[in-house]
Amino acid sequence: METWLPTLKTGTPEEGYNLAVKLARKAVGMIQPDENVRNVLRPAYASDPTNLTFASQVVAIHFQTVAAANNYWND
Amino acid sequence: METWLPTLKTGTPEEGYNLAVKLARKAVGMIQPDENVRNVLRPAYASDPTNLTFASQVVAIHFQTVAAANNYWND
Amino acid sequence: METWLPTLKTGTPEEGYNLAVKLARKAVGMIQPDENVRNVLRPAYASDPTNLTFASQVVAIHFQTVAAANNYWND
Amino acid sequence: METWLPTLKTGTPEEGYNLAVKLARKAVGMIQPDENVRNVLRPAYASDPTNLTFASQVVAIHFQTVAAANNYWND
Amino acid sequence: METWLPTLKTGTPEEGYNLAVKLARKAVGMIQPDENVRNVLRPAYASDPTNLTFASQVVAIHFQTVAAANNYWND
Amino acid sequence: METWLPTLKTGTPEEGYNLAVKLARKAVGMIQPDENVRNVLRPAYASDPTNLTFASQVVAIHFQTVAAANNYWND
């Protein structure tokens, strides 16, 4: 069985940030599972400054979680 | 007596993410308990990019809680 | 003297979630103490998808607090 | 010298919640120090469901801080 | 070399709150460095109830950080 | 191989704040990778008071992470 989220551990902060972006996008796909609808929404979405800021905020919240899970990569 | 939330513990991060989605949806059902109303709202809701981002944010906040409850699945 | 919030401790995660909903509602009542006004606002409020998501977010933040106060019900 | 915030410690969770409301209001007064303007804004503010939810969210964030400062009143 | 943020330590909770307000304002100045533009925006900004609440929320998030940095002034 | 985020450690709180701003901006660039589009959006974005506040909020969330990663620069 495959999983899209085997662990919160990453080797580097940058990989942790990328995982945060993935975590933010996943919920959108779960709430709107129709890929065609998402493809229609994406251009408008990514050209609206407020939406971009909101999306950045979701990434920030997930990055808190990922960073804590990795003890801030201090080990 | 049944409970919809017996524990915050999950076996894997992915199951934890799914629980976060469930926690986000539960409040909506408690505030708007009329399923017919929710069914009417859902299509518009899931086709609005800003709403999708906001919903993703609620999932992110709950995922912080679930991840902490599971010690980030590091045990 | 009665208090509406004697403790953050709850027996189960589900009771903790219910307490988070109560905490979210309380502030609304303190900022808009006129029950008649709140009764007028409620139907529109509970039928607006964005409002429902915002309300779910407040519950999520309080649930973080309640869950931490209960050590995530791991004891 | 008087201070409006001598401590984050409170005797009970309810007093902690009241302090969270005070903390939420304080910033509004600092950003808009003109009391006349605030008095004009208040009725509209407290009758807008989305504003009420946003205000409840600020209280929730401060309540996290106050609850942590009091070790969730578990001592 | 001068710094606008030498430390997160403050002597009192009130000073910590003032630092949180400063932290909230700093980002605005970094994103919109033109003081003339900010001066034009400020009156409308400070007279919009929703903006005031959003600004109060940013202060609340920074106050969490400052309070944690000071161990909630419990030492 | 270069990385834009080698570490969350910074020498001073001010450098930590600057890193938080960088973290906030990075997600915007990942979601809207077309620099021309971002250049078109930026002026309107930075002149809208609500957007400025939202952007400040994302910085605040990242600053929580960076500050925790540096043990609030208390060491």
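Which chain is which? They are A, B, C, D, E and F, in the order written, and residues in each are numbered from 1.
FYI, a residue touches a chain if its C-beta (ideal position, glycine included) is under 8 Å from a C-beta of that chain, and two chains touch if they have at least 3 such contacts.
Model, not experiment: these values are computed from the prediction.
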Furthest chain, CA centroid comparison against chain E: B
Copies chain A and chain B touch via same or different residues, half shared test: different
Length of the line joining the C-alpha centres of chain B and chain D, rounded to whole Å: 27
Interchain centroid distance [CA atoms averaged], chain B/chain E, Å: 31
Where chain C touches two or more other chains, by residue: 50, 54-55, 57, 61, 64, 68
Contact graph of the chains (line, ring, star, complete, other): ring
Residue ranges of chain F in contact with chain E within the complex: 12-14, 17, 21, 46-47, 49-50, 52-57, 59-61, 63-64, 67-68, 72-74
Partner chain D, residues of chain C touching it in the complex: 3-9, 23-28, 30-32, 37, 41-42, 44-45, 48, 50-51, 54-55, 57-58, 61-62, 64-65, 68-69
